[in-house]
Each structure stands twice: as structure tokens, then as C-alpha cells.
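Mind looking over this structure? Questions follow.
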């Protein structure tokens, strides 16, 4: 696992509070799990129909009827439970999730997020992502700061089709933690490895620097 | 006539141009035995309603990749490159719907509702062509019912009368689709005598289920 | 039990086919059950959340968690099942009931039915009756032909607040079986005890006499 | 803090003018122990959401007949003459809603829907004051969400984490109301250790349940 991804996941794990009900998307969000402190109890929701998701199943212990939303064999805590997809999305859309963490192709200064299609190129579909972003109380976007070609994924305005408009609350990359406010993005924290100017340079969106800027 | 039938009797329920719902999330909770049989019937111009397109090399994903299908109504096809390719070359028309909206549309059909209002998709492509209705100042998409001619669902245990119990995360779309098709065919891993299921735990009542087929044991 | 009620219930029981899913309302409809032939299988649905309703519980064998929609302790067949009220009304409204049998204060030539309030006098509420009349494939109204004061309950047009507009298919009283058609009520059967003129006289609604009039 | 609390701790959750949902169909599946306790708190101007008004001499019906209530949103009050009398003398305002619509409105709140469209009540008083929306030429009533500050529900078995299983026809409105209130108080006949419930049969997840109170045994 790359250090970049680990850094993002680790920082996001600090947003989780005892008792929270959390949905973790595919990719970086999945590994957030690994950094949740053992002294707090978190209910992991998986949109395919369970809450109380535990680790992936060990080899030889796979149960064909227990998978996570990525299709991997999983396990469930002894206080977990299963339900149909209607109930699963009632939980999501009904505001019963304290937090969802999603990856994205782009995210922007207005809290818009794009993660489900690149016109003419890639159309996987939105799956549960549109419901998750609209429904969860807090939406965190886990994202590498730039594309492999060095383009900022933190846009002033997304140009890919949106997953949701204005729903993202917090953006965490390997370089920065940015809060979405009515006045645009507020740079709250920067990675120890970089300085503010480097972050500003690598970010397409305008950043307001928090008076209380921290490192992570 | 009993509801428990042999696979061969399935032929007579299927026809060209039918709308068919298939339960399951990826491969979990999918009626693989029935689908493999249906896939070798010579059916044309199908419309399929399914949560996702699965994997092209097995189970429902193989069915979606190889059967003669005109339309798929679904929330996600990213796991099935063959279906993606057929979409790109115009062979299959894909209607993508947010998963929570899709399941409510299927439920709405089964529940006799004219539709439901959801905030999901407002400000995105998902609202294109949909009626937008404001409730207390908040915009919602009117999502209308989706039904089918046949639902192919998967259960863990069935009694001979057609009561069903699903297991763990294999529930997913199955209990909802069980309400939403003219003919409901349930594949069950176990078919027991009437009275052997705890009727407090039955998730789909026998009144919804028309036919039962036993799963072939996994190889 | 009065002979009048028995006669109505007995006649209605003949409308039920093998395999039907049927909801029986309070009053006369409840006793329809007693006349269903033992060689057919009928699924009795009760809107409080069960299907496969069987007889009332014998004294000493009451289970506090098994009641019918009238609140009486009931029993369930070994192929019956229980569900919440949302599912119960999905069954009702979703067209999964082959038939519902309801009592009424009034019913009319257009298939309108009134059974939930008398303004200024009695307002019990509609309970599940509006859903049942709209949702069931076939709606049968079980009704005594006249009020105790001798007024016809089979109206040309209901003057009480409606439970549903144009949903009744068949009206069965102790005197007559009437089908609701687009041209009004068709008198299909008359009770052995009466002649056609008496039925016409006691019916406010206009009746078209079936060419194939039978007795019951 | 654990979810299992003593009755006396309930006081702090309740206040005047609250909207309270109460599960149950007549007396079946009603949290009698909690309701008896709440009824002797000095609460005023409540709004109650409940399937029916029960019987005036016991359980929820007694509560409805004796507590200081401004409004009841319900489908049926015919079994409770005291509530009927209070309606007639203007003491309580009753909003009557078809049962299937009421349960969907409560579900809609819990499910984050803006509402549902139902054909039930078209052409009757139930459509008065409602928005009518046509779908494929058929008129429907737009029924909007109904939520509450507190839901008082009744379960058969609970584990200490708050997972619930209901029994037989005592399910009724309970699992639906469990989704639709800011605070959910569940009364359970049995409270067992975590892990003792079969998690395939849990009907309400612990994430919905805030507090658990044990039923007093019936006398």
C-alpha cells in the first residue's frame, strides 16, 4: 500500500467518533478501517445490506453470503445485522449515517464531487454513491491531490458529471485537509512534508488559509 | 399444482422481449442455477433490471454479457467490461439509476405506489428527463415504478408453499423484486416441508412466489 | 348469528377460488371464512400484518402476539407468515390481494362505497379500508339491503363521505347479488325468499335485470 | 453509556409539545410499560402519531384518553370512545390518514424520501388539501414524510447493543417507527447479551435504537 494512501486514510480515521455509523467506499476509504482506534466502537455500514462490517474473511473462512460492497468476502461483528437493499438505502438516504468516505475523480470548491463517469471513456455507473453523498450527515472525500499527469483534482469547479452537488464537507488528500465552506475551501491542515505554497500551487481551487493552520 | 418445479418446466414462462428482474449484489444472492438454464434458452430482445452487471465470466454477469439483451436498467456496470463494450458499440442500451432510487422504484411497483420523491441525484445527470417536485423548498426527483414480467430471485430456504428466507447479505434486491413481477421464480438452496420454517422469520410470503427451483450444489 | 348475515357470507364464499389471497373485513365479512369449502386453499390476509390467518384462538390458547385486524386473538396456518405494516399495505395496495370483502354504510350504482364516517355523528376513521378498496383486484361489498329504518343502503349515489370512488365490483345483500358495471348495477341473483319486484322496491339504485337471473 | 436504562431515566427525554410516535396495532406490539410510566410524567400539549387509538381502559388507549394531547395523527379511533368524545368537544384535533398511507409517510421520513404517491383516497375526503400528481394518467395523492421527536416501540427480544426482533403480529408499525424519530426508545420483553441474537433475523438494527427498557412482566 502506498504511503500516500496510508496518509490519507490515517488522517480521515481521526474524524470518526465513538458510536458513529460510517460507510467507507472502495479504494482509499476502505483502508480507513485499519486506523480506527480500538477503544472506540464504530458501526461500519456496507450498502449491499449490512451494518457491523468487520474485517475481510481469512482464507478458508469465506462465507459466500457475506460480502462487502466491493464484492470481497467479509465478516460481521456479533452486534451486526443484515437487511435488504431498500433498508440499506433507507439508512443511507434517511440520514442515519454519521459519515461517508468516498474516493473521487474530482472535487471542487463548492463541495461538488464527481466519481462515477468520464464521458466517452468510462461509465461504470453511480452505484450507491449518489445516495451516500446526499444522505450521510458528513461527506468526506478521500483523494490523491493530483492526477498521475500532475493535474489538480481539487477544482474550482468540477468539469466531469457530478455525483452530487454541494454535498462534500471535508476533502482529505496526502497534502492537505480542506473544509468546504460557503466561501469556498478552507485549508485547515497541511502535510508535514510540504509547505503552504506547494499546496496552493498544486491546487486548482482557491484556498483560504485557516488562521489556525495545522500540520498532519 | 405445486410450486416446486423442475428446471425444464421453466421454458414455458420465458419469451422474447420480456422484462426480467434478477436479484443479487455482484454474485451474492443471485439465482445462478436458474440463470444458467435461462441463458441457453433461445431468448431475444430482453430488458433486464438488475442492481449491477456482475462479472463477465460467471453467474449473472456472464448472462448479461452473452444473452440477447436490448436494455439493462441498473446502478453499476463497472465490473463487467463486456457489458461496457456492448454499451459503447450500441448493442445494449444502459439506463443508469442511483442504487437507492432503483430499489425504491422496484418497491414502488410492488407496493402499488405511483412513485417516490428522492433528493438523490438533484443537480446531476440523474435528474435529466425526470419530473422535479419541491417539498418544503427542497427539490426531489419523482421516480416512477419499475416492474417486470418475471423476477428471478434467490433464497436460502423455502418451504414448499413458497415462503422464503434469505441469508445474510444475500438478501439485497431479492425480497424487493419478489413483490414486483407478474411471475416470481425463486431458486432456493434448501426446500423444506411446510411448517418447517419459523414463520416469524419468513421474509417473503408465499403469496408472492409462483415457482420454486432447487439450486444445483456448487461444484 | 342472524340468518341474514349467514346468507350474505355464504353467498360471498362462492366467489373465492382456490389459491386466492383474500382480506375479510370486520362484521359479516369475517364469517365468510366459515363457508369456504375445505377442498380449496385460501390465504387469508389480515392488515395488521399476517397472511395465512386461521381460526380465532381457543380459550386458554390465546397468544398475545397473534391478533386479527379486529383485535381478537387468532391463529395462523403453518404456511402463514408475519410482517410489518408497510409490507402489509404493500400487499394490499400493490394488487397482491385477489379479493377484499368489506361491510359498508352505503354503496352505489357507480361502485362507490362509504363505510368510515357519518359526519357529525360517527368518525371512527378509515383504518385500512381505503387501501383495501383501491388495492384489491376484486372488491365485494357485504351489506344488509336496508337500514333498520327500512332505507335502502344500495344507493343511486352515496351521500356519506366515500371510502373509495368506483372500486366496488360486486354487492351482496341478503336479497340480491348485484354487479357494478359501467351502465350501473346489474341484478344477477335474487334470494329464493323474494321476487324481483320486492328487490327493486327495496333498492334505491336503478337495477338492470340480468337476462340470466338466478336464485341463491 | 449503555443503551439499557432504568425507567426513571426516561424523564429527561420527554418534554411538553413533543411529537411522539407509538407503535402497535390495537394492544398488540405496544410498549405498555414505558407508556404507563410516561403517562404519569406531567407532559402537556403533545402530538401523537399512532396507528389507532386502542381501548380507553388500558395500554396506549388509556394513555391517549388521559394524557394532555393536542393532536393525534392516526388511521382509526373507533375503538376509543373517550378519544372520540375529546375530538367532538374540540379538546383533541384528530388527523385521519389511511393506514397504508400513514405507514408510508412514517417510512418516508426514516428513509429520507420527500414523499410517496398513493392512489389510496383519490375521490374521497383523504385527498382534501393534498397535492395531486398524475403518473401515467392516474391520479395520486402526494403524501409527505411524518417524523417525530421520540418513538416508543415494542420488541420481543433485544440485545444490549439495541438490535431488535419483534414477534408475530406485534411487528406492525414498530420497525417503521424505529427509523423515523430523533430518539428511539424500545421496550423489550427480553434483553440478552450481544451475540445471542441470530443476526440473520434482526429486524431493526442497533443503529436505530437509542435506549432500551425492559418490559414489566404482565400481572
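A, B, C and D are the chain letters, set down in written order, and residue numbers restart from 1 in every chain.
By our rule, a residue touches a chain if its C-beta (ideal position, glycine included) is under 8 Å from a C-beta of that chain, and two chains touch if they have at least 3 such contacts.
Note that the structure is predicted; figures quoted are calculated from it, not measured.
Taking the CA centroid of chain A as reference, the farthest chain centroid is that of C. For the interfaces C-D and A-D, the C-beta contact count is higher for C-D. Computed from the mean C-alpha positions, the centre of chain C lies at a distance of 29 Å from the centre of chain D. Here the spacing of chain B and chain C, counted between their Cα centres, is 35 Å.
Annotation: 55 Å between the Cα-based centres of chain A and chain C.
The multi-chain contact residues of chain A, meaning those touching 2 or more other chains, are 76, 82-83, 89, 92-93, 134-135. Residue positions of chain D touching 2 or more other chains, listed in rising order: 104, 107, 111-113, 118-119, 167-168, 199-200.
Inter-chain contacts occur between A-B, A-D, B-C, B-D, C-D. On the side of chain B, the complex with chain A involves touching residues 25-29, 51-52, 74-79, 84, 87, 94, 96, 98-101, 103-104, 107, 118-126, 156, 166-176, 203, 218.
Taken in their complex, chain C has these residues touching chain D: 46-50, 63-67, 69, 71, 76, 82-86, 88-89, 92-93, 112, 117, 122-131, 134-135, 161-166.
Those residues of chain B lying in contact with chain D across their complex are 104, 108, 111-119, 133, 135-136, 138, 140, 142, 144, 165, 167-168, 199-201. Within the complex formed with chain B, the chain C residues making contact are 21, 43, 45, 51-52, 76, 78-83, 86, 89-96, 134-135.
For chain D in complex with chain A, the touching residues are 107, 109-113, 159, 161, 163, 179, 194-195, 199-200, 202, 205-208.
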